[in-house]
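Going by the order they are written in, the chains are A, B, C and D; count residues from 1 in each one.
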C-alpha cells in the first residue's frame, strides 16, 4: 500500500486527488497539510468528503510526513512549491508536483514567464516531466515528477504524433482552447461569480498565457524540432473539461486514412488516449483520465480535436498515473 | 420625460433598472452614483452597457441630483439607505427605495431582525409599501416607496386572495422557495463560485430569513388578520428566477373551480399577474415583470405555485412599476 | 467475482450501474442486453465507455444470460419488467429490478396508479423492497429486490426516524422535492431541450406523481402506522441530484438536540446516511451513494432536508448496494 | 405603424422577433402563421407570451396576410421558404427571409450545399443580403432581404475591415466558433437533451458546415477578392451566444494601434458594432443586437474575437434592423 500525503489540500486538484485515491486499491491518503491559516477540519473545506476520509488538514510537519508517506502530491502554487519540494525530497519522500516550478526546463524562460527567481535548479534538472504518453521512460525512475498543466496535456497529446513525424509546419499551429471554470481554481472572482459566468464564454490571456511556452517546450522536446504555437484559451460555463481545436499546415500530402493510421500506431498501447471518428465531447471525458482525440483534414489543413477533464487527465488523474509509475504500480490502477 | 437617478449603481438591481429604463418611453436615467470607492466608468462596472448609456458613476452630489432627477431609485443596502433617503426627500426628489429600511413598519421588529437602530422613523411612517397589486392606492401619492423584497413579492401575490377571503388557516402556511443566484447579489462568495454553484441546490437561512417577517407583515395587512408563515428559501444554479410552492390548510370545503374563480376575480385587472392552469416555469417570467400563479387542491390541501424574476418583479421591474405610479405614468409603461 | 447482467442497457441507470461496477472489486459486468431495436455497439449508445468496457448490447438470450450472470440489474420500464423478471428468476439469476413492478405491494393500488394489470403476483409477494437502511433483513435472503425510486429514497430516509418514534403527525407531512433532469430519463422532450430547461425550474405532476403512494407504503410499513404525505416534485436545471425539504407537525414538544440525538441513534451504523448540521447540498452527494440529512425545528414545526444523487442512491448505487447484500459482499463495496 | 406578419411562428427566431416587436414603438405584430399541423394557441407554443400578445397562430391565408401586414418575417426552413416567398412578394408584402434560400447568390453552390434545386432564381437575383454594416445601401430599396446566418454575421463583421484593406491573406483564415444550443433550433435531439448537453462542449460539422460558403461569399463580395476560410463550429452549454476566435496571417507589418484605428474608422458610425480592448463575452451581448469585436496581434498573427447573440444580431434582431431599413424607420428603433 503506497502512502500518500497531499500538500496544499484545499483546492480542486487536492480534492480530486483525494477522490481518486479513495478508490485506489494500492494507495491511500495518510496526511493532509495546508498553510496554517487555511487549516480546518476536512469536512469544512470539502463537505462532500464527510464519511469518506477521516483526516485533519494540518500545518505540515516534515518529520511526521516522512514517517507516514511514501509519495507527496504537492498542490502548492508556483514559487511556494520550489521552496518546499527540496525538503520533501530530502526527507526521502517522492514528489509529484502540480506547480509550474519544475515544468519549465529553461530557467531563464521560467523566470521571464513566472516573474520570479528559480531557487531550486538542482531538482529542476533532475525532475521528470510527467506526461507519461510522451516521456514515460524518464518518469519511471524519477523521485520528482513535474505534473503537466491542463491545456498543455490536451495540446501535446494532440500534436505529438504529427510533429514527431514532421507532418506539419512546426511554426504554423493555432490552438483554440476552451476550459471549464474549475481550471481557474477555487478562489472567488467576480468573473466566476455564478450569475456572471453562467451562460458565458470569453477569451482571456491573449498572447500571454503561461501554458504557451510549456506547450512549446513539450512539443519541441517530443518532436526534436523547434515548435512554436499560437495558443488562445477561453473559459466557458462548464464545471470541468477542456476542448481544444487545433489547426495545422501539413508539410506534404496526407490523407485522412493516413492520419488515422498514424494516431492509431502512435497511441496503440496507451490506455488513456482514445481515438474517435468525430470530434470529442468534454462530457465523455468528465471524471476520467482519458484524452479523446480526433484528427482529420479540411481544405488541405489538418484539424485535431482534443478533450480532457482539466482536473483529471489535466491534473489529479495524471498525477496518480505518475504516482503509479514511480511507485511500481500498474499505470492505470485506480484510474479506469 | 421623468428623470431618474440611480443611487448605488453597481449591483444587479441597478443594472436591471438601467436596462428597463433604456427602453422606457417616458423615463430616462440622468444620474448614476455610488460610494466613492466603487465609482468607475460605467462600462467597467457593466461592460454590457457600452454604447447604450453614456454616464459616469459618480460620488453623489445632492445639489446635482436635485437638479437632474425627479425620482431616485435607491439601491443602497439597509442602514445606509435610511441615512441617505431623508436627504433625497428633502431635496424634493421622490424615492423608490430597494432596501429593507422602509419596508418593516414595526420599528421594534425591524431593529430585531436587522440588528440596527432605525434612524428615520418619520419617513418610515410615511412610506408606501410598493406592492401595487395589494397597496396601489397608497402608492399613488407617496413621495417614498419601499420596494418589496423578491421572495415576499412572489409569496404575497400567491397568498393574498386566499387570506383576504379567509379561506386558509393563517397560521399553517409553508412557503418553499427556490431562487436563482442573482438573488444573493453581486458580491462573490465561495458558495456562489461557478464550480461550486453549478449543478447545485441547497437550503439556507433556516428559520432566520429576514423575508419571513416581511411576508407576514404584508399578508397580515392585506388580510386584516394575523398571518404567520414558515418560509424556507433555497438557492439553485439559475441566474435568475424564484419559484415558490406554498402549502396551505383550507378552513372549509373548496373546489379547484372555486379557487380558479377566486384568483381570476382578484387579479382580473392586474396586468402583471398571470393565472395558469399548471405550475409556472421560472423561465417564462425571466426578464419580465410578471408573476405567474397556479392554485389547486391536492389531498384537501391548497397548493399555490408562484414564479417571478427576482430581479424584475422581485426588484427593478417592480421599482419601475412604482416609479410609473408615483410619476403619473401608465403603470405598465416600459414593462411589457 | 459476482457476474452481472444489465437488462435494458440504454438508459441513465444502466450507464451509472456500469460505471460503478467498473470500479467494483468483486463484481463485473458480463452481459448487456436491450430490445432488439435499441441494440447497438456500446460505444454508440454510451461513447464515454469507449476503452472501458468491451461488450456489445445484444438482444437478450436467456440461456446465455443464465450461463454468464449471477445477478441481473433489470433496468426495464414497468410492465415490461414483470413480463421478464420471472424468466430471469426461473433461470436461477437473482434480480435487482429498477421498475415499479415489484415495489407496490398492494396489487390494487399498483393497478390503479400504473393503469396496467399486474401479471406476476407470485414474485411480487416474494420481492424484498431494496431500501437497506429500513429493510435490510429482508433483502439479505431475497432472490428479487425491488429497487426503490429516487424521490421515495430521499423522503423515506428523512422521515423514518420521526415516524417510527411517532414524533410527528403521520397525516400532515409536506414533501417539497426538486430534481435534476436525469430523473426524467434519457428520452428527449421539448421541456428538457437544453434551451428550454437551462435556467429553469417548474413543478409538475401536481397531486398525481406515482412516487407519492410509494413513499406512503414505505413509511407506513417502516412506522407501523398509516402515513399520508403530500408530495410535490419539481425539476430544475441540474444534471442530477434531488433535494427535498419536508415540513412536519410534531406530536409533542421536542428540542433540536433531541432531534439530533434521534437521527444519530437511528443511523449510527449506516455508512450511506450522513447527518449534517445545516441543509445539505445536492452537489455534495453527486456521484455518491450518500443520503445527506438535516433535521431541525422552526416555529414549532419540524423541517427535514434530504439530498441524494437521484442516479446513485436514488437508483444505480442503491442497486449495487442491494447487489452486494444479496451476493454476500460487504454492503459498501465499490460504493465509497 | 409598420404591420408585421411572422411566417413559421413556432421556433426561437419567431419568438425572439415577437419579443423585440412587442417593444418596438413603430412596428407591431399583426399575424402569426405556421404549418397547419403546428398551429396552436400562441400561449401553448410560447407560454411566456401569455398576456403580452393576443393572436392565434393560424395556417397562412395570403389574402388576409396581404391585408394586415406590410412586412413579413419569414422564419420557414430553406426550400419551404423559396416556395412561399414569391407569393408574399406578389401580394405586395416586403419580406425579410431567415432561410438560406436567398442568401447564396451562386445557384450552383446553393444547390450543392443544400442539396435541393433552387426554384426562385428571379427573386434570388433581386434579394439584398441583410448585413447592414456591409451592404446597407442595397437593403434600403429591397423588397426582399435575405437575413444572414448567425455564424457568418459574427465572422463577417470581424473580418471585413481586414479584408477590405487587404491586410490579411484571404486564403489563410481560421474561424473557431462556439455557439449556444438555441442555434440548433427548437427541435429536440438526444445531443441537446439537458443531461447530455449540460456541462458539455463539442465540435461538429467538420469541414461541412453550410455557413462556410456563406461566410466566403459575404467576405469575397465585401473585400472584392476571393476569400477562403476554414470555419469550425462547436456547441456548448449556453442558451444563446456565439463567440468566434479568428486567426489570420497579416500580409505585411501592422501594429496593434493600427489595427485599433482601422476598426474604429471602419465601424465609426455603426451603432451595433462595439469595439473592445479585450476579448468580448457572450453574456455582454446576450439579448442585444450588438456585435462586440476585439482585434489584436499575437506572435505576428492577427487575432480577432467576435461575439453576438445568435438569436438577436444573428437572427431576429438583425431582421428587425433590416425591417427598420426597408420600412424607412430609424435603423436602431426597438433595438437599443
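Throughout what follows, a residue touches a chain if its C-beta (ideal position, glycine included) is under 8 Å from a C-beta of that chain, and two chains touch if they have at least 3 such contacts.
Given the structure is predicted, the values throughout are model-derived calculations rather than measurements.
Undergrad: Need the most distant chain from subunit A, centre defined as the mean of C-alpha atoms.
TA: B
Undergrad: If I rank A-D and A-C by number of C-beta contact pairs, which comes first?
TA: A-D
Undergrad: Please report how many Å separate the Cα centroid of subunit C from that of subunit D, as a whole number.
TA: For subunit C versus subunit D, the centre distance works out to 46 Å.
Undergrad: Could you grab the centroid distance between subunit A and subunit D? Build each centroid from C-alpha atoms only and quote it in angstrom.
TA: So the centre of subunit A lies 39 Å away from the centre of subunit D.
Undergrad: Taking each chain's centre as the mean position of its Cα atoms, how many Å separate subunit A from subunit C?
TA: 36
Undergrad: When you check subunit B against every other chain, which residues touch at least two of them?
TA: Each of 180, 196, 198-199, 237-240, 281, 283, 286 in subunit B touches at least two other chains.
Undergrad: Subunit B touches which residues of subunit A in the complex?
TA: Those residues of subunit A that touch subunit B are 12, 180-182, 186, 188-190, 192-199, 237-240.
Undergrad: So in the complex, which bits of subunit C are touching subunit A?
TA: Of all residues in subunit C, those touching subunit A are 22-23, 25, 47-48, 50-52, 198-199, 271, 274, 276, 281, 283-288, 290, 336.
Undergrad: So in the complex, which bits of subunit B are touching subunit C?
TA: By the definition above, subunit B touches subunit C via 174, 176, 178, 180, 196, 199-204, 206-207, 228, 230, 232, 234, 236-241, 243, 245, 247, 278-283, 286, 296-299, 301, 303, 305, 307.
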